[in-house]
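Each structure below appears as structure tokens.
In the two assemblies presented below, chain A is common to both, partnered first by chain B and then by chain C.
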Partner chain A sequence: MTTLVPTAIYTSPTEPIEVKLIPGVGPHSTDGKTTQISEIVLKAGGEDRDKPSAAKDTPLGNLRAQLTTLQDKLNEFLTQKMLNKRKLEDDDIERRILDDGVDEDSD
Partner chain B sequence: MAPIDLDKYVRPGKDHFLALGLEGSANKLGVGVIKHPLGELTPENRALILSNVRDTYITPPGEGFLPRDTARHHRNWVVRIIKRALADAGVAGADLDCICFTQGPGMGAPLQSVVIAARTLAQLWELPLVGVNHCVGHIEMGREITGAENPIVLYVSGGNTQVIAYSNQRYRIFGETLDIAIGNCLDRFARTLKIPNEPAPGYNIEQMAKRGKHLVQLPYTVKGMDLSMSGILGYIDGVAKEMFGPQQKKLVDKETGEEITPEDLCFSLQETLFSMLVEITERAMAHVESNQVLIVGGVGSNERLQEMMALMVKDRKNGSVYSTDERFCIDNGIMIAHAGLLAYRSGQTNALEDTVCTQRFRTDEVFVEWRD
Partner chain C sequence: MPIILLKTEHLLLRQMALDHIVTIQIPFETEKQASIARNSIAADPVLKKNEISVEFIAEGNVLQCKFAGVSDRVIRVAISNCIDNIKTVIETIEEFDGQKDTLFKKDS
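Coming up: the complex of A and B.
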């Protein structure tokens, strides 16, 4: 059976090293970690009627499952990057307040 | 002026056009297949609806639909709904002339889910893409179903409230909401009263309003040709919270002394909002000397609104009101297929790089090349 493997590459003008993401070793499924229904809906008494259909054991079905894993990795990678950026900005504000006496709300 | 040739792009050997339409600008995912015979569409030469399938993302009572979960619903259902629509229509991808999709206006994340499906199918089947303005989809489908020729259009839904008239190949906006849409106003009040979202919050308000007997005085906010509804919502929300919150304040009707009920509040809200709509529609009719009104959009399926509009129109010479049932009023894929196919037949298609969806896409931005 043909194996189709999806990949994702992250590049940025400000970062010299590109990042390549692959699904890696399975098991893979279409029920992704980062693509679940929101907690807020479940807490309000909602039920998840919109789960993705399971992947078939075909080249395209396997691709769907691997793609879901890749989407999870991509979402986690980008979320981490945003958290790091926010932390750097927060650190920078703290440094500026402490070192330069800049008022947080001045800009 | 020479008549518009809508048959320039027909495939050799074919006597018709076929289009697939994908709609997902809010909580409804709709897919439809439409067939146009050659020549101008007339009462004798009508478009044929081959399929019109819809699935709605429903949230628990008291909750609205969040963009992320709505997009997830569309993403996880779109393939199944497309398969069902094609099977109902008895057509295959190779039979189609184009893939039409809602390009805006609407909620960004759900629009994005659906356009990805449209792009994928277009590349898979090597078909052109046609981006459709959601409001123009409602108008064109309303005209086709009702046979209204050149009406004033009242477009009322969860995201839009506009009074529109056609002039010089544009649907021109004569009046509109200055803040929230009428459907949004009704839905949000439904959330305050914890009315179920199934089958639709507006439908449930309509049923409760039928049992209302007492009119509670609410602000009436028509501003020229425009209207404002957020203040009315704030006011009636306040009244409801006083009545059903910790205060448990009792409100009575001044004339009868009877207690005001949630049904009375639904009745009062509908009567006030619909009176405002009727007023600006009548003024637009007088302005363009039209005697036809076409009501489109989800709120257009409200029978009380249709009745109030009919009362106003009855007083005008040869006046008539046109409206459609919930299959075409409420968001659907067939209207996108229909408007998209009209655009395709006029030579309008979108290159892949021009298929980006937009949350803001005004009705009058569309060049209506298929009308003279």
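Coming up: the complex of A and C.
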């Protein structure tokens, strides 16, 4: 059976060298980690009514499952980049306050 | 005063550079499937064109989606939404491509 593998490449000013993301070795499923409803809602007994149907054992079914894994990897990767940027900004404010004795919040 | 405005404008333009880029390659079984997927998702208009640009190209049996945005946050939202749509297109192709044409009648 033909295997259709989706891939993604990321670049940005902070990441000038290309970062390649691939689904990798499975198992892959259409039930993505980052695309489910909130954990809080699930714990409260909520039900995901938009849950995707399971992938068939066909090239397109496997592509849909692998694409879900790639989507999870992209979401996790970009979320981490967002957190890193925020930490750098927080650290910079802290450094400026400590170095210059300037309170950013003061008038 | 006009000089100050120009400087602010220039600063804004620099800040709004679409320099966070993700390119996704999705291979399909056939050229026709890649073309159906491209035509289906390319119909959605991009809302904030100053923050994100999206390009879809079908080359042979591969659909290429290029996202260029002002930040990781902006491209994350656009990519995840687009992949959700592409997964729906894939499922639809799998269910209906190659099937005999069916005329559905509206219930009276």
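Just so it is clear, the second predicted complex is superposed on the first by the 95 of 107 C-alpha atoms of A that agree within 3 Å, B and C clash if a C-alpha of one lies under 4 Å from a C-alpha of the other, contacts with A are read in each partner's own complex, and residues count from 1 in each chain.
FYI, a residue touches a chain if its C-beta (ideal position, glycine included) is under 8 Å from a C-beta of that chain, and two chains touch if they have at least 3 such contacts.
Note that the coordinates shown come from a computational prediction; the quantities given were computed from them, not determined experimentally.
Touch criterion met: A:Pro52 reaches chain B and chain C at once. Once chain A of one complex is fitted onto chain A of the other, the partner contacts of A:Lys81 are limited to chain C, with no touch recorded for chain B. Contact comparison for chain A: of chain B and chain C, C touches the greater number of residues. Of the two partner chains placed by superposition, only chain C is touched by A:Ser12; chain B is not.
Using the contact criterion defined above for the overlaid structures, shared-chain residue A:Thr68 touches chain C, although it does not reach chain B. Touch criterion met: A:Ile40 reaches chain B, while chain C stays clear of it. Across the two superposed structures, the residue set of chain A contacted by chain B and also by chain C is 35, 52-53. Put simply, chain B touches chain A in their complex at residues 57-63, 66, 68-69, 72-73, 75-77, 80. Note for the complex: chain A touches chain C at residues 2, 4-13, 30, 34-35, 52-53, 56, 58-61, 63-64, 67-68, 70-71, 74-75, 78-79, 81-82, 85. Partner chain A is touched in their complex by these residues of chain C: 19-29, 33, 71-73, 75-76, 79-80, 83-84, 86-87, 90-91, 93-94. Taken together, the chain A residues at the contact with chain B in this complex read 35, 37-38, 40-41, 44-46, 49-53.
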